[in-house]
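Below: the structure, in structure tokens.
As written, the chains take the letters A, B, C and D, and residue 1 is the first residue of each chain.
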Amino acid sequence: MALAFDRDELTAYLAEVFPQVREDFAIDALDEGGITMRLLTAERHLRPGGTVSGPSMFALADVSVYALVLSRLGPKALAVTTNCSLDFMRKPQAGVDVVAKAKLLKLGRSLAVGDVHMFSQGSDKLVARSTMTYSIPPER
Amino acid sequence: MALAFDRDELTAYLAEVFPQVREDFAIDALDEGGITMRLLTAERHLRPGGTVSGPSMFALADVSVYALVLSRLGPKALAVTTNCSLDFMRKPQAGVDVVAKAKLLKLGRSLAVGDVHMFSQGSDKLVARSTMTYSIPPER
Amino acid sequence: MALAFDRDELTAYLAEVFPQVREDFAIDALDEGGITMRLLTAERHLRPGGTVSGPSMFALADVSVYALVLSRLGPKALAVTTNCSLDFMRKPQAGVDVVAKAKLLKLGRSLAVGDVHMFSQGSDKLVARSTMTYSIPPER
Amino acid sequence: MALAFDRDELTAYLAEVFPQVREDFAIDALDEGGITMRLLTAERHLRPGGTVSGPSMFALADVSVYALVLSRLGPKALAVTTNCSLDFMRKPQAGVDVVAKAKLLKLGRSLAVGDVHMFSQGSDKLVARSTMTYSIPPER
């Protein structure tokens, strides 16, 4: 499916509609196969011991699939998270970014499902896995 | 199962081991049946339109089950989230706290499973539902 | 929400549209609060050791929520499972039926979400818990 | 991680300990990267309209991850499903086998997590996706 945005356009659009996430996330790559996003790990994302918090990992998975849906449907799209499953496999490494590789498993008329694998920067060991389902309300 | 902490002790203990959450959450009630916790909704938890963000809801569910496990096992307990499922049913109301009612479905030797129902303060309509599984490593 | 079927009507309707399940399940109770269904445990539902199989528990959860959706929307309703989460808490007792208590957490225009708690007949200990999401295609 | 069984040994072992599944499933391939299993679709797995039932898809995902855990840990291993998430993306094609490709995301001392993608035979369109968590009790 053709992309409605390229990486720079999507970065600019997310920053505009979603200003809270601008300092937390960056898009590394976007193409027809999927998206690679990054949590710009900072003090506020950490738990005691230096590990990245669960809510920060959730946020990374959620924004990755949201960005992917927008990249296909363009700026008019509404999309609301309806379901999430999240498995934590390993402790993320302290002090490094978390990288998410997400792809769409389904992009239907009313539901989109994305699958996300998360890694500590520079490692190929899976830290967490998530599936996010978005409901896409009909255009008005 | 007897409680290892009462509400005030648990509040104090969480504030000590988990300082990042002190300003975000409060324990409303704790007894042998479960726990009621509250997200002290502030600007940083919101999305455009004033709705409470998904990561904030995840964080509320996660800390509620963690607090519940601690309340049973006491301060020596380690507990690590291994799995989460989360269903979003309705938009939370803008500008009010989110209240979570959590109970333990299982507290085994190596796994604890908690169920969480979340509501906007003052409403009995379910906003979201979550199940959180914690792994409890053996004491050393 | 008013019921489109009572228990006997729903039993008859399910037997008609879903003949494969007639010998496996029975409706114990149906009212506006929810449904109680039962797996009529037989040899074919068991695993070695006499425990009820995971797929049989899945089937019980799935049919309970499907029956609940039908009981609200009536015989014209289409409903397709899109997502399931399932937690297994305890081994079901050998040689007894499994009882499911299900209620709807949401019945929207395009999605229904049901929550199911499963017990061994005669016990109040939770054996498994499930959330099932059904997509409801628009009527044609 | 080295394999404790090759494909033929695993097929024989599953048939011995799990006779109920012998007629339902076959192992197509097994190597260090994962397993490919197949639901030998028959009348008893179908729903009205000829589609493969949800419980049959659950069973395929569950047995695939179980077989994968056994292939690593050998015949002494116990493994009990504790959690499942399952997303249904598309209707399976009528009258053909369902093929599952599963791999282990984690094989820890007490938990194993497997990821399963399911397809209709001969198609590369994802029909369903599942994550299965198994608890591995300590050897006695």
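Criterion: contacts are C-beta pairs under 8 Å (C-beta built on N, C-alpha and C of every residue); 3 or more make two chains touch, one makes a residue touch a chain.
Small disclaimer: the values here were computed from a predicted structure and weren't measured.
By number of C-beta pairs in contact, C-D leads when C-D and A-D are compared.
Taken over every residue number at the interface, the positions common to chain B and chain C amount to over half, indicating a same-residue contact.
When each chain is reduced to the average of its Cα atoms, C sits farthest from chain A.
Centroids built from CA atoms put chain C at 34 Å from chain A. Per-chain CA centroids place chain A at a distance of 28 Å from chain D.
With centres taken as mean Cα positions, chain D sits 23 Å from chain C.
In chain C, the residues that reach two or more other chains under the touch definition are 82-83, 85, 87, 133. If you sketch which chains touch which, every chain touches every other chain without exception.
Residue ranges on chain A touching chain D, taken from their complex, read 85, 87, 89-90, 105-106, 113, 115, 126, 129, 131, 133.
Interface residues of chain C facing chain D in the complex, by the touch rule stated above, are 17-20, 44, 46-48, 53-56, 58-59, 62, 80-88.
Of all the residues in chain A, the ones that touch chain C in their complex are 82-83, 85, 110-111, 133, 135.
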